[in-house]
Structure formats: structure tokens, C-alpha cells
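These are the structures, in C-alpha cells.
Common to both upcoming complexes is chain A, partnered first by chain B, then by chain C.
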Partner chain A sequence: MLLDADTLRAQARGCGILGAGGGGSPAMGLLASLRALELHGPTTLVDLDDLPDDELVLPMGMVGAPTVAVEKIANGGEARWIVERVEEVTGRKVAALMSSEIGGANGLFPMEFAGALGLPIVDADGMGRAFPEMPMVSMEIAGISPSPCVMSDERGNVLIVHPADGAWLERLCRATAVAFGGRAVSSEYLMSVAEARTGAVRGTVSLAIRIGRALDHAEGDPVEALLREVNGFRLIEGKVVDVDRRVTGGFTRGSAQIDGLRADSGRQLRLELQNENLVALEGERVLATVPDIITVLDTQTGDAVSTELLRYGQRVTVIAFPCDPVWRSEGGLRLTSPRAFGYDFDFRPVEEIHRGRA
Partner chain B sequence: MAGPDLRLGVDVGGTHTDAVLLDRAGSIVAKVKTATTVDVTTGIETAIASLLVSSGAAPERITHVMLGTTHATNAVLERRGLERVAVLRIGGPATYAIPPLFGWPEDLRRAVSAGECIVNGGAEFNGDELAAFDGDAVRRFVGSLPDDVRHVAVTSVFAPVLAEHELAAAEIIRALRGDHVHVSLSHEIGSLGLLERENATVLNEALVGVAQAVTSAITQGLASTGLAHAVVYFAQNDGTLMSIADAVRLPVLTIGSGPANSIRGAAFLTGVRDAIVVDVGGTSTDVGVLINGFPRESSFGVSIGGIATNFRMPDLVSIALGGGTVVREADGVVNLGPDSVGYQLTERARIFGGDTWTVSDVAVAIGRAHFGSVGVASSEVMARALAIVDEMVADAVDRVKLSKGEFPLIAVGGGSVLLSDKIPGISEVLRPDDFDVANAVGAAIGTISGQVDRIYQTSSRTRDEVLDEARSEAIAQAVRAGADPHYVEIVELEDIPIAYMTNPAVRVRAKAAGPLAGL
Partner chain C sequence: MLLDADTLRAQARGCGILGAGGGGSPAMGLLASLRALELHGPTTLVDLDDLPDDELVLPMGMVGAPTVAVEKIANGGEARWIVERVEEVTGRKVAALMSSEIGGANGLFPMEFAGALGLPIVDADGMGRAFPEMPMVSMEIAGISPSPCVMSDERGNVLIVHPADGAWLERLCRATAVAFGGRAVSSEYLMSVAEARTGAVRGTVSLAIRIGRALDHAEGDPVEALLREVNGFRLIEGKVVDVDRRVTGGFTRGSAQIDGLRADSGRQLRLELQNENLVALEGERVLATVPDIITVLDTQTGDAVSTELLRYGQRVTVIAFPCDPVWRSEGGLRLTSPRAFGYDFDFRPVEEIHRGRA
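Moving on to the complex of A and B:
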């Protein structure tokens, strides 16, 4: 499939939904990929089955502070400098790029990177959603090494790091992003096409596009159209009545309360956040938890409302839908279950919690 | 003879020009509402002449004239009278991925752009140099422009943190092109967000001609009514004033002044500093929030004529509901608007003998308002229409609030007689005298402000030290702009820690405001 302007716009809406409230706004990534489209023509979206087994797939994304990224947009050459170094260091050919995180801003930027390089982009990513830390990717669970990690800034500085494990990847990359002036483009968990077929979360770019198109073409209730596309559940339709947000340890943490309206009148839902929406609670009852995807939607348009844009009075619908099965595996839950985020209860799949409900 | 003791507030709206005379004590001496004229000057002359007659005041008594206009907004929306602007970005190599004006509506880009260029330079978020400033590239770009290009918009990366490269570029441009070139610098216009700040800076430069035309029309109107001696100020989008020189230099900052004036006017007329303000006009209703005497500003940039910008405007919920909104009934279903008879209310509404049912007719029939020349009877349909009006207002009020709890509501604007006295979440509805000229009153109040929006490192300094620096800088700016140093105070202070940074850094926004010195 060729990623034309309409497709990229639909994808941006979908990446917002898959962000689970985090991942940053896809808007700037969309502008950058539309610009790449104007300069280089459309990027090709390929399936991993259609690429040679032993060539490389490069997961890529932006890391750093969103406040910096709104000023230092990007050079546009970062991906090229990274690919050149990777091919030099590994002696292998790069077949395609991949988004390391489909949810939010990083769902779109790799489209620009691939467009500028004339490389295809694979229909897959490392999360199937957004997560706050770099090692929270399916490749980590599949046992693929984060090393080498190749990072570039907008001047052409390239740093190759060989982190010992995922935790060190996170520490070293953050520090490097700061040294680069607050943001960097990074590629890590490089893998062969054969490894990617089982190590990546597949079909997520086309999923984002389908979600965006479902919203674009919805007749009647856009939320309903979206729920059908993602096999999701409507947790509550209501109004944001309280938002409590603070930044600690580099992360936005807090909670939001939504009071039900219309059919949900009288109900109350509490969302707990750490960059992404982590847990949805009704009283003591858990309605959905990470790693399943909890997204707040504008009730009228069906578009995602990110955690930093939540505010009193918004009319919203909170939905939840199943994450990729990799996150429900033992290794996945070790990284991203409610307990991994400090809660004292276990993960339960959203479709099990809501069994019997449409 | 008394005086000099009066100031004149004028709000030039799309359909009406409102004007008020205030005395030293802040009492309204006279007010007038006239039709806005195409040439601006005539409308202003009519308004001033009528004020002078009704008050019996001699022109010499008027010391200050404060003006609010919508000319800048309309020029962008209608792509009318815009200058052609050379767009210079100092942001290489960090920003090549998205060039200037990318994503602008094609017609507006054609009307405005005289060429675009990115040269090396800019700052990091901590004020370090991002790249060495390439003055030669600036010279080449300016040299390549046709001779008739007289406007340049300059935006550098992290200019709100460090504006050095913008200032250096301005110097080069002036050296090459002489005094007839006009330059807008982004650090004077917008906050963080390169593309949005750049858009606002380009729009600003494109509006310079419109601003010059309006200010000279107004100066002419003042001269012919005997007010040539008065000091002139313009209202900006935070409800405070700027000098006529700044209004010509920074016209984009007047774009949100209409709603800001009515919110400030509502505060002045009631003496209330925290409230919801509902301004009901003929076609639409703006609901805003008054916090500590100022309009609450939106936390996100606003889009003007299809362009994303990031300068701050009053946070409003606008609904298509006004005194002239048309009421229809079909098969038992009552519908309101969104169309309105607008300024033709006194010809087309039933209460004035016309043939169209409007929200004003409904309010009069139910007994909520008392005006018009023809009686209309109440009916079931009208009761339902009024219920819809109340529901729309209640919904807008609730959307604009940021927390639970009850607030007072100030009703202003000619159509505000339509509002119910009982609105959910509202403790009381305040209806000041002179509610119909709140805009012009808001302009006449005469407050001057100064603002800071910057990123500070907090590794070597305490939070308090950083906040102190921001406070004094905002105060110094307000005083420089003309505020009375004895009364200037901090009206807003906010610090936001920056996510995903290992070195602690904080974004601080501070705003100081005080009365105009010598008022």
C-alpha cells in the first residue's frame, strides 16, 4: 500500500487512539510526513512476509522532551545518518524502517524518515500502543538485544551505544537526548526480517489507518464505528469533572474523574495516569487496566483526548480495547502489568471483565 | 471648566461602534452605540460627536482614547489588505523537516509570502547556541528579494529563551534595506512552539499595513473632533492596552481584543474579579471566564483563518445564539438558528412588526424581557424554545468552567436580557447598568501589562529564585509599557516542570499588570 496524504491523515487519527492517552501529539509527525510525501513521493507500507529473511528492520522513533521537540522540529536527515552507521557497523543491508511505537507522535515520524530515505516501512511496531519507557517493546520480550542503539541529533552527531540490557538502554538514551539538547532520533532492537516476523507487533500501521478511516467515514456515532474496528468496550460516556496532574521523575502522573451522562448518568469513573491511561476504576471495581488500551475520546468526533489535554467540562467517552497478546504473556505482564506500575492487583483482560456486554 | 478629567473608550465591532466617556472616578458620563462605517473615520466621528453633545463635555477634557477593533481579524479571514512578507527562519540545521508556511491554505500563502528561507542559528532550550548564526545567508536571502518587498518576519529556534539571533538578523536586514523595511521578531509575539510562533509572526507582519491604515483613520477622526491632543491606546487580546506605536508594530496582538474587552468591562461594571461572563450579541454568545480581574486565556494556541498560532487568547465557548437567532417549528419540533436576523432585528422581528420569529420575540412573549413595539402572545412552542435557549447557555457555561462549584455570572451585551436568572452551577446572575457597552468600558479601563514565558534551569537555582526573576521581569516590562510602577502587581504566575528531562527545568509564565501611569 502507498501512503498518500489521505492515508497519512487517517493514520494520524488512528495513532492518537492507539496512544492510550500518551505518546505525544501525532500532529507534527503528520506535517513532517506530508512534507516528505511532497518531496519524495509516497512511502510504501510492506508486510514483513514480503521482505528478505536476513536483511535488517530498523525500529525508529523520537526520544526526549516534547517541549523541546516543538522548537527543534527535526533536520530530516537523522534517519539517513542512523541507517548509514547501522549498515557500516553491522555490514548488513537495511530493508525497511519500523515505528518503535505506533501510539502518538512516534506512529507518524517514521513515515517521514522512511519517505526521506526511500525505504519501505513495515506494517508493524514495537508496542501496538504507547508506553512510557523504551524497553517496553515486544522485541525485549522476544529476547532481541537492544544493542546496538544508534542515536542522532539534528546536526549529524551520531552516537552508537551498546547497552547491556533494556534498563540501561532507557538510562543511556535519556542522557544522550539531554546531551543532544533535549531530543534525538533513536534506533534500537535492530533485527532481521525473520526475527521481526515474530518479535514485532504486526499489522499496527494498517490498524491505525483502519481506525482513522472508520472515524472519517462513520455514519452516525463515530465512537460506535471505532469500537467495532478495535473490538472495544465503552466504559463510560460522560464529562470530565476533575483532573489532577503533576510531573514527577520526568513523567506526568495523576488522575481524572469522569461523571456519567445520558445512559451512564449517576455513574462515576476514575482514570489513573502516568503519561498514558493506566487504570479505569468505578468505585473499587476495575473496569480496565494496562496493558490493555484505555483511551479517552471526544464524544462528538471520536478523536483521542491525550492525558495532557484532559480538562474539566470536556464531553468524553472512555473506551478500552485488548492490547496485542504479547503484553498478556508472562514476559509482557512482567514489564507492563498493573503491578509493574505499582498497583497491588493483577491484570484481567478487558473482554473478560466485560463478558456478556456488547 | 472641569478637567482634563475624562477618557474615551471605543469598540469598533463588525456592525456597531460603541463608545463611552469615563471620568476619573470610573463613572460613565455618557455612552453611545452607532453603526460601524466602512471608512472607520466617519463611524468614530459620529460616535465621538454624539458623546460630546450628550455629555456637554468640551473635547479638551478628554485626555486618553482607548480603542478596540476587529480589523486585524477580518483582514486575515477575508485575505484583504495583507502585506507580502519575506519569511526568515533561523533554525538550521534543526528544523529543515518542516519548512515555513507548510500547511497554510494555498490562497493565503500566495497572498502573503514573498519568499521563505531557513538559515543556520537559534538556541537550545537552556540558552546554549544551537548552531552558529549565519549572517551571510541572511544577507544573501535579503539580497535576493525583489526591491518592493518591505516586510520581513524573523523566527529563531527557542527565541523565547534567547532572542540574540533574531536581533542580529534584524540589524542586518535594516542595514541592507534601510529604514523603510519593517521587521517582526517572533520573541515579541509568541511563546514556545516554533511553527505556531512563526505563523503568528508572519501574520503580524502581513497585518502591518492594515494596522497603519486603521490607526491613521482613527487619528484623523480624533483630529476632526477636537481630540488631536489625546493619548491613544489600543486594546490587546489579554484585555490590557498597548501604545499606538506598538499597535502598528504588533497588530496580531489585537486579534482577540473584542471578547477580552467585554470580559474586562464586565469586571469593571460589577467590581467582581472572579466570575463567568456571558456576552450575548445579535448572532452569537461568547462565554468566558474572569479570573482575578482578567480573562482566562486558552491553554492551547488558536487557529486564525486556518493557521495554527500560539499566542494566547481569551478562553471562550462561543455558541450560535443571539437576540436575532431565528426560531422555527415543524411537526412539533422546535429549532433555533443557527441563522440570525442580526442587525435587522428591529425590522424583521415580530416584536418590531416584522415577519420572523426570533429568540427576542420568545423572551418578550414569555415575559423575560420587555422591549419592542408590537405585543406577542406566549405559547407552548415559545416555552419550548426558551427551554432550548436556557439549555444551550447552561451547557456553554458548564463547558467553560474548570472546576465544580458555583460561580457568579455577569450578563453583558445587548442580547443578555434573554438570559435566565437561574442557571445551573451559577450562584447569582449579575446584570450591571450599561451592560450593553461593556466592550467599550473594557477598553477604557486602562490597564497595562507585561508578560514572561520562559524556560529556566532549576539545577543551580531554587524554584523561588527562578520565580522571583520571572516576577521582576514581568513587572519591569509592564512599567516599560506605561504602567504606574506604584500599583503594578503580579496577576498570574504559573510554573510547569518539563517532562522527560533529566536536568530539572521549568517553564514559567508570569504576568504583571497595573493602571496606566498618569490616568
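Moving on to the complex of A and C:
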């Protein structure tokens, strides 16, 4: 499938929804991928089954605070420097790029890079959503090494990181992103096509496009159309009344409060965030948590509002829907359950919390 | 020449003097190199003329705040991980290690690494003293590329940095050292033996040993014996009355004030420092500046007192002596003159400032 402008626009809407508030503003990713389309023609979306077993798949994404990525854009050379180094270091051919995370701008930047390099992009990613930390990918669960991680910036700085483990990958790359000025392009968990077939979350680019099209073609309430597509739940409809957000250590952190309107009048929901929306609380009651996907929508359009763009007065609807099953496995929960983010409660599937509600 | 315990002890005293207050406490370097001597036997000191032209010389040192290096010691594996990666990446054999800077602990740590690896160490370094920033080496002046820079820590993290330029080398490696916990082992400006013959500052390990021996064998005032050996000048004899020191951005920064005693009673000297002593001021008058070497000595023993160990009440003598001529060249001054450190005055050779004084 060729990713034309219409498809990219649908994908951008879907990447926003899958981003759980993070992964960077899809609007930036869309601009970059539309520009690449203009310069290089459409990128090809391929299935992993159609690529040679032994060649490499390069997961790629931006590392850093999404707040910075809104202003600090790529120059297009970053991915080329990375691919060159990877081929030099491994002596193997790169068959295709992949989004490290399909959520947010990171679901789209690799389309730009792939276009500029004349490489296809695979219909898969490492998360099926967005997560704040680099080892939070299905490849980590599958036992694929994060090493070497290759990072670059728009000036031609290239770093090859061989971290002692996934936690050090995160720490070293985050520090580098900060040194670069808050943002870096990074590729890690390089793998063969054969490994990617079981190690990646498959079909997620198509999923994003499908979600975007559901919004595009919604008759009546777009939020309703979206909830049907993703098997989701409406947590609250209301207005943003407080946003406490700061950029610290390379992350956007904070919380937001939404006061209910209309049917939800009198209710109050609190979102806690680290790049992504981590938990949704109503008083003491947990309405949804990582790794399930919590997304804030513009109530009128159904489009996602990412954490760095939340602001006072926005009319929003907060929804939650099930994550990819890989995150509900033992290995997945070890990496991304509420406890992994420092909370003192276990994960409960969103459909279990809201069983009985429509 | 074999570096036995007696020689290492003399060298440690000399490295302290050449350190201009920086490069880390030589006592730590001495402990590490004596330990390596015990485990692996003596390291061989070789002249660059005695090594094969095409093999690699690896400059090596610690990056970070010396204040941290006092407590955070190496485990010995760091250098092995670096040498392995360098040989893998370049496909060339490493002939010998070299101190990136002969000053301070960094003049000795490479002895430890070389001992553990069974490699010789060359009688040369990149500075002939210590400097706070990584591109402040003779190899930068000689046009040798800083890339690839290979860094490691005691956990087995390895980074290969291909910086856009020397300033980015410094920024990225400093950020990595901070992420590692304040300290990293690093090798950069890799070069062939042939390149090192003109690109390095030669004979500086022997020089450190010679300085140490001059102190060891001093009859009467050790400071006098030292001044004769290095063609140095006594700036003040006194007492440390104020130390303003902080660790920030991976550097030890601050200033120290020394009030004169005995013949210097009534005088007051101010040292400004960034890991190393940068300038010595008496009121508005500049008594000595980078790149010349300003060292604080224990007045009784003639041993150097490094910037992280300066404290109230110490009886000290501050001396200054000429740096290697490479730093007084146009390229050298561009990197390390007072102006390069943000001061608004030019370099004047210490022997010119103190002409006429004994």
C-alpha cells in the first residue's frame, strides 16, 4: 500500500488516538510526512511477511520531551546518518524502517525518514500506543537486545550506545536527548525481519489509518464512532480546569483536571501524566490505567489532544480502551503496569472496570 | 622502561604538579596503578619511535568532576570494553595506551588500564598538563579527528560518539559522564603511532617522573627544588582562607583565596578554577594564566593540592611555570587562552610577567 496524502491524514488522526496523549503532536508528524511525500513520492507500507528474513528492521522514533519537539524539528538527515552507521556497524542491509511507537508524532516521523531514504515502512510498531520510556517496547519482552542504539540530531552528531540493560538505555539516551537540546532521533532494538514477525506489535499502522477513517467518516458524534472502532469507554465529558505541566529530565510531567459537563456535571476527573496519560482517577476511584490507552479528545471533532497541548478551558472527552494483549502479559505488566510507574495498585483491564456500562 | 612501584610513586607526585590542580587526585590514580602492578606486574613505558607506524594509540582518561572521582572508582573493566569496541569498529590493532592528560589522576589511570590489558603505555600525552575540556588536546591542534570517541563505565555501558565537532564532543561526553553518575572512562582522538609522533605532547610521563624525583631527592626546601626543575615562579606563600567550590554540569568550579604569610604577609591571591586553576590574580593584577600551569603546593612537602582537596587553613605555596610550547602557538591559544575561558585579557607567558624576579 502506498501512503498518499489522504491516508497520511487519516493515519495522523489515528496516531493521535493511539498516543494516549504522548508520542508528540501528530500534527508535527503529519507536516513532516506530507513534506516528504511532496519531495520523494509516497512511502510503501509493507507487511513483515513480504520482506527477506535476514535483513534488518530499524525501529525509529524521537526521544525527548514532546513539548520540545513542537518547536525543534528534524532536518531529514538524522535517519540517513543512523542507517549508514547501522549498516557499517552490523555489516547488514536495512530492509525497512518501523515506528518505535505508533502513538503521536512518532507514528509518523518514520514515514518521513523512510520516504527520504527510499525504504519501505513496516505495518507494525513496538508498542501499539505510545509509552514514555524506551525499553517499554514489545521487543524488550521478546528478548531482543536494545543494543546497539544509534542516535542522531540535526547537526550530524551520531552516538552508538551499548547499554548495560534497558534501564541504562533509557537513562543514557534521555541524557543525550537533553544534551542535543531536548530531542533526538533514535533507533534501538534493531532486529531481523524474522525476529520482528514475533517481536513487534503488528498491523498498527493499518489500525491507525482505520481509526482515522472512522473519525473521517463518522455520521453524528465522532466520539461514538471512535469508541465503536477501538472498543473504548467514555470516562468523562467536560472542560479542562487545571493543567500542571513541567518539562523535567527530558519528560513532560504533571497532571490535569477535567470538570464534567452535561450528563457528567458535578463529576471531576484527574489525569496523571508522564509524556503519556498514565492514570485517570475520580476521587480515589481508578477509572483506567496504563498499559490501557487513555486519550483526551476534542469533544467536537473527536481528535486527540496531546499532553503538551492540554490547556484551560478546552471542551474534552476522556476515553480509555484496551491496549495490545502483549502489555497484559506478565512481561508486559512488569514493564508498564501502574506499579512500574510508581503507583501502589495493580492493573485492571478497562473493560473489567467498566463492565456493564455501554 | 618498566614502571615499578617506586617510579609510579614519583610519577604520581609529578602528575600532581603538572595537573594545575586538576585531572583528579593523583593519590587515587596511584592506588589504582599500584593495585594493577600487584595484579599484573609492571607496565612498560615505550617511546613512540619504538612502535609500528600503522597501529593505534588510544588516548585514555576519566571525564567528569574530580570531586566525584575521589569516591567513584573504576572496576578495571572499563578500558577493556573500550579497546574491544575500538578494534571492532576500526578493524585495527591497538598498540598502546596513552594518557589523554598527564596531569592529576588522569596521568596514572591509563597505567592501571594498560597493566590490566598487557599493553604498553607511551611516553606522551595530549596536554603536558591537565585541562578541563576534552578538545583541549594537542591532537585537536594537529587536526586529528576526535571521532569515534568511546566511553564506558563500571557497569559495562559503552557509548561510541561521532560528534559534529570538538565542542559537541565535550557536550555529549560531559552529559554522558553525568548520566553515569559523574564520571566515565573515555578514549577519543584515536590515532596511528605515526600521527601520534607529531600530534601528541612527547616525553611527559618521563617529565612527571623527573619532577617527582626532584621532590623526592630535594635537599632543603622541596618547593625550591621543584621550581628549578620546572623553571617555575613562586606566586605566593600563604594560607587558604576561603574556598568557594561547587560541582555543576560535570565540572568542579569556583575560586580560592590565599592570604600571604612570612615574606608574603599582607598580600592576597585569588585563584579561579574550572577543574584546574585557570588564573591567579592579586587584586587587578594577573600573576599567571592558562595555558601556563598554576599549581597549589603543600608548603612543607612540595606536593600538589588539587582543586577538589583545597580547604580552609592549608599552608600552601602557589607556583606557576611554562606550559608546553604547543599551547603558546596560535592554535593552542585559540583553545586555551584566558579568552577561551571567558576572560577579557590576553595570555602573557609567566616568565614574561615575572621577568627580573628570581
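Heads up, the rule we're going with is that the second predicted complex is superposed on the first by the 337 of 358 C-alpha atoms of A that agree within 3 Å, B and C clash if a C-alpha of one lies under 4 Å from a C-alpha of the other, contacts with A are read in each partner's own complex, and residues count from 1 in each chain.
Note that in this section a contact is a pair of C-beta atoms (placed from the backbone, for glycine too) under 8 Å apart; a residue touches a chain by one contact, two chains touch by 3 or more.
Nothing here was measured: the structure is a model prediction, and the numbers come from that model.
Looking at the shared chain after the overlay, A:Pro163 reaches chain C, while chain B stays out of its contact range. In the superposition on chain A, A:Val178 makes contact with both chain B and chain C.
Of the two partner chains placed around the shared chain by superposition, neither chain B nor chain C is touched by A:Val286. Of the two partner chains placed by the overlay, neither chain B nor chain C lies in contact with A:Leu48. Of the two partner chains placed by the overlay, only chain B lies in contact with A:Met28; chain C stays clear of it.
Comparing chain B with chain C, more residues of chain A are touched by B. When both complexes are overlaid on chain A, the residue A:Arg155 reaches chain B and chain C alike. Within chain A, the residues touched by chain B in the first complex and by chain C in the second are 155-156, 174-175, 178. Interface residues of chain C, counted against chain A in their complex, comprise 85, 89, 155-164, 168, 171-172, 174-176, 178-179. For chain A in complex with chain B, the residues that touch the partner chain are 28, 31-32, 34-36, 63-68, 70-77, 112, 154-156, 174-175, 177-178, 181-182, 239, 241-242, 246-247, 250-252, 275, 309, 311-315. Put simply, chain B touches chain A in their complex at residues 91, 93-99, 102-103, 122, 124-125, 128, 130-131, 157-158, 192-195, 299-300, 398-404, 455, 496-503, 507.
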